[in-house]
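Here come two complexes built around chain A, the first alongside chain B, the second alongside chain C.
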Partner chain A sequence: MNLLVQTLVAGLLLGGVYALIAVGLNLIFGVVKIINFAHGELVMIAMYATFWMWTAWSLSPYISIFIITPLMFGFGVLLQRFILQPMQNSSPTIKIFVTLGLSVLLQNLALVLFGGQYRSTTFPWAEQNFSVLGVTATYGRITAFLVAIALVIALFYLMKKTLTGKVLRALAEDRETAGLIGIPVKKYYLVAMGLGTAMAAIAGVLIGPFQSVFPLAGAHFTLLAFVVVVLGGLGNMAGSLIGGLFLGAVETLAGTYIDPALQQVAVFAVFIIVLLVRPQGIFGGSARNAEVGLK
Partner chain B sequence: MLQVKNISAYYGDAQALENVSLAVSESGVVALLGPNAAGKSTTLRVISGILPAASGSVTFNGEDITTASPQERVELGLVHVPEGRKLFGTLSVEDNLLLGGYCGRKDRKTGSRLERVYERFPKLKERRNQDAGLLSGGEQQMVAVGRGLMAQPKVLMIDEMSLGLAPLIVKQMFSLVQEIALEGVCVLIVEQHVQNALAVSHHGFIIESGVTRVAGTAQELMESALVRESYLGH
Partner chain C sequence: MKKKSLIWTLGLVAAAGLVPVFTSDQYILHVCVMILIYVGVTVAWNILAFGGILSLGHAAFFGIGSYTVAILYVKMDVNPWLGILAAMVTAALGSLLLAVPLLRLRGPFFALATLAFAESLRLIAIYAVPLTNGSVGITTPPTQGFALISFSSREPYYYIVLAMALIAIGISIWIYYSKMGYHLRASASDDEAVRALGVRTPRLKLAALVISAALTGAFGAFAAMYLFVIDPETNFSTPLYSIQPALNGIIGGMGTVAGPIVGAIVMTPLGEWLRTTFSGTTQGLNFVIYGVALIIIVRVMPGGIVSGMKKLYRRFRPENRSDGTAPDASGPIQPEQELANSEGGRS
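Now for the complex of A and B:
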């Protein structure tokens, strides 16, 4: 019983970070209507940045996060402006090839620059244990979970209450009408891409202290984020939060009770079952999927 | 105020407009009439800048805006209420209205503009927090017009305002259009229902197959042979 609770807690803690990554992907998908296959690479870049800032300058991840996040926001804006925006009116297939190509490019760039070895940000405080009622977790994982969930909730608030959020939701629903009533559509695409990238980056910094980074680390996160988004419904933000937590639990439970090597198998078993039984996602989507070639 | 000269436009390879011209003066109601698929909505799309004109020109207050962005045109006061209302259905009534005032938000008078829209449509105030997609057709049309008014239009173009609405609501909407025009706004209405539209307009244009066929005062149009034969049936 204790093992079950322990495993479940570990899974949910990790799931919070998955939710943050997936919410970023979902925001980009919902607003910009681009399926970003390079989303995991954004996490990977932030993990490398965390590692190097810690190794080279002894900057703790919890300080460097304030440097890496705005930089990655800017990186997202540049990606949108110079790579995705020129492709905006291309066919969905072309857009998919562009982001897929971007992902391969970033992976190989990391390989050339940093080599293929696994690198860990060993930050002692993050590895200390914290116990409550016999359940133990490291400070690093707890912090990652709390920050991730707080940010996901902050994003919900932004989307619901602020003018920027309302504009983004209007764009997600009907970009032509949004343009017609005088909203600068391209500018808000930059905002959406910047926000989505920043969220992936924050997730990357947060998991830095307990997961090693290597050039292909991002691929795992891209796939996870896609499963979460499909699970929660394309364009459905709350669905992504619940989907992320669920997937974290599934992954960890499979690792503990079946075999660590089968974690990904469990994740994809869930993915395939959802696609077969309820392709619109457990909570349903709200985005117009035809525009990205999913219908 | 608004002048459209000899515009043509295409959807891909299909020509939708061949040669449309119209002119709209300072205030009052102007009707753009014609049968289904004549190019009325396409004309509005060219005027508001979401469809580029292949040839011809659009001038607003003496300024050539043929290649201006939709946003620039809204800022000038050229506002389009699209066919089918096109509300943001998952956003509340109030949010829809606020987004209509996006371009003018920096003068910090959005709140008072919102109040004026609520005075005009008290029903919308009652439903301000409901999702716009859940309203009745008439109420949705009110939100669509209200969203347009939030942008402080000088020319308000309303596409197929009466489509799918009950006769009583249609009557209300037409008298609303007259009220708006009395406040110094020029309202350009696109209608299939010729008689209703001409009853509230002072000028009208008839387009057929992407070409302006007749232009004149409402009176002249009512009396013209083409209108009598094709639209009024006598």
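Now for the complex of A and C:
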């Protein structure tokens, strides 16, 4: 019983980070209508940045996060401006190829630059245990969860209550009309891509202290984030949050009770089962789902 | 015009058949065998692309094929020729696991499901040690002979895989011009319109998936016999057999008959050269170049090399168009062919 509770808690803590990655993807997806196959690679870049800042300059992840996040925001803006924007009006397939090419490029650039070995950011504070009612978790994981959830809620607030959020939602609904009433569409695409990238980057920094980074580390996050978006519904931030927590739990439970090697298989199995039972996702799909390829 | 293209085809096949006559350099023959394996897998991948369906998980079928022939041969002493047939069956059965995502998901989401499927199989192959020997992999015995598809030189392998590739190309051409291909290509342009006309596109897509998987399985089985060692990291490799065939197809021209062949013939030697030139410390550089090439090529030539060449050809040979017949089309099929050339890559 204790093992079950322990596993569930670990899963939910990790799931919070997954939710943050998925919310970023959901934002890019919903607003810019780009199917970003390189989303996980953005997480991977941030993980490497965390590792190197800690190894080379002894910068703790909780300090370097304030350097990496703005840089990655800028990276997202540049990606949008120089790689994605020129293809904005191409067919969906062409857009996939471009982000797929980007993903292949970034993965292998990491391989060329850093080699294939696993690298861990060993930050002692993050590895200390914190226990409550017999359930234990490391400070690193708890911090990651809390920051991730806080950011998801902050984005939720931004989207619902601020003018920027209103504009982004308007763009997600109808780009043409938004343009007609004078919204600078391209500028807000840059904002959305920057925000989505920054969220992926923050997630990468947060998991740095307890997950090793290697060139292919991002692929898994891309898959997870896509599954979460399918489960939670496009443009549905709350759905992404719950979907992320759910997948974190599934993955960790599979790791404990079946085999750690088969975690990803469990995620895929859940994905197929959900598609069979509720093809529109757990929280229902809006009409907008068709636009990016969900039936 | 049709006669002319037939002569061209026969000439190219004859030239391909004569390669071992002109060179006995085993490395060149090895590259040629790899080219033909990739021609086969890319052509198989492209059968789905006729319907505008993008797969990023053909490593799954390739790996299933490799493991089927290896397990049957090594553990149950089944002849590898029978093993290749069995591999086609198991790969086809495996593809049925993707039926639900295929029918429920579109474009990018299906592509992602296939990617996850192949990765899951790789992990299962590592995990199921009693059957697959895990990460160590399976080694086929060195006993030689035509009946066992095992030879000391590369020439026989070359002829076998050439025959297999020609069969795959034949099947692909036959599907392309058949009613099924016509419906698939139409569904790539507008699935709902085609369904509204009463065509059961889900069934066609499923058929395309099964055929594509079976063919890929056959090439996976051949590769297992050719390379002797079958392990999860190679035979279920996402970069090698999921991304590479897709890259070949996209760069050559997704959804066209010639595109995947051209793509595989151009990209495989390039990949081999990059790999041998930048091996060791700079491993992965070949894929960096691939990534950049992919981004640039889809921007410059969204339809791939084949349609890019056609456009160039037309630009410089406008007189061919003035008599009303396109230089590369054959009578009544012409409008559809035009359609497929311009729309085939879209979903």
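Here is the rule we go by: the second predicted complex is superposed on the first by the 287 of 295 C-alpha atoms of A that agree within 3 Å, B and C clash if a C-alpha of one lies under 4 Å from a C-alpha of the other, contacts with A are read in each partner's own complex, and residues count from 1 in each chain.
In this text, contacts are C-beta pairs under 8 Å (C-beta built on N, C-alpha and C of every residue); 3 or more make two chains touch, one makes a residue touch a chain.
Keep in mind that what you see is a predicted model, and the values were worked out from it rather than measured.
> Sharing chain A, do chain B and chain C clash or fit in the superposition?
fit
> Go through the superposed model and pick first if A:V230 touches only chain B, second if only chain C, both, or neither.
After superposing on A, A:V230 lies in contact with chain C but is clear of chain B.
> Tell me which partner A:I183 touches in the superposition: chain B (first), chain C (second), both or neither.
A:I183: touches chain B, not chain C.
> In the superposed arrangement, which partner chain does A:E173 touch: chain B (first), chain C (second), both, or neither?
So A:E173 only meets chain B here.
> Under the stated touch criterion, name the partner, chain B or chain C, that contacts more residues in chain A.
C
> Once chain A of both complexes is superposed, is A:Q80 in touch with chain B (first), chain C (second), both, or neither?
neither
> Angle at chain A, chain B to chain C, CA centres, as a multiple of 10°?
If I round to tens, I get 90 degrees.
> Check whether A:L163 is in contact with chain B, with chain C, with both or with neither, and answer first, second, both or neither.
So A:L163 only meets chain B here.
> Looking at the superposed set of three chains, what is the minimum CA distance between chain B and chain C in Å?
15
> In the complex formed with chain A, which residues of chain B make contact?
So the residues of chain B in touch with chain A come to 48, 50, 70-71, 74-75, 79-80, 82, 86, 88-91, 95, 98-100, 102-103, 105, 147-148, 151.
> Sort out for me which residues of chain A touch chain B in the complex.
The contact residues of chain A facing chain B are 163, 166-167, 169-170, 173-174, 176-184, 286.
> Okay, in this complex, where on chain A does chain C touch?
35, 37, 83, 86-87, 90-94, 96-98, 100-109, 111-112, 116, 215, 219, 222-223, 226-227, 230, 259, 261-262, 264-265, 267-269, 271-272, 275-276, 279, 292-295
> Help me check something: in the complex, which residues belonging to chain C touch chain A?
Interface residues on the chain C side: 52, 54, 56, 97, 100-101, 104-113, 115-117, 119-120, 123-124, 126-127, 238-239, 243, 246, 250, 254, 282-288, 290-295, 298-299, 302, 345-347.
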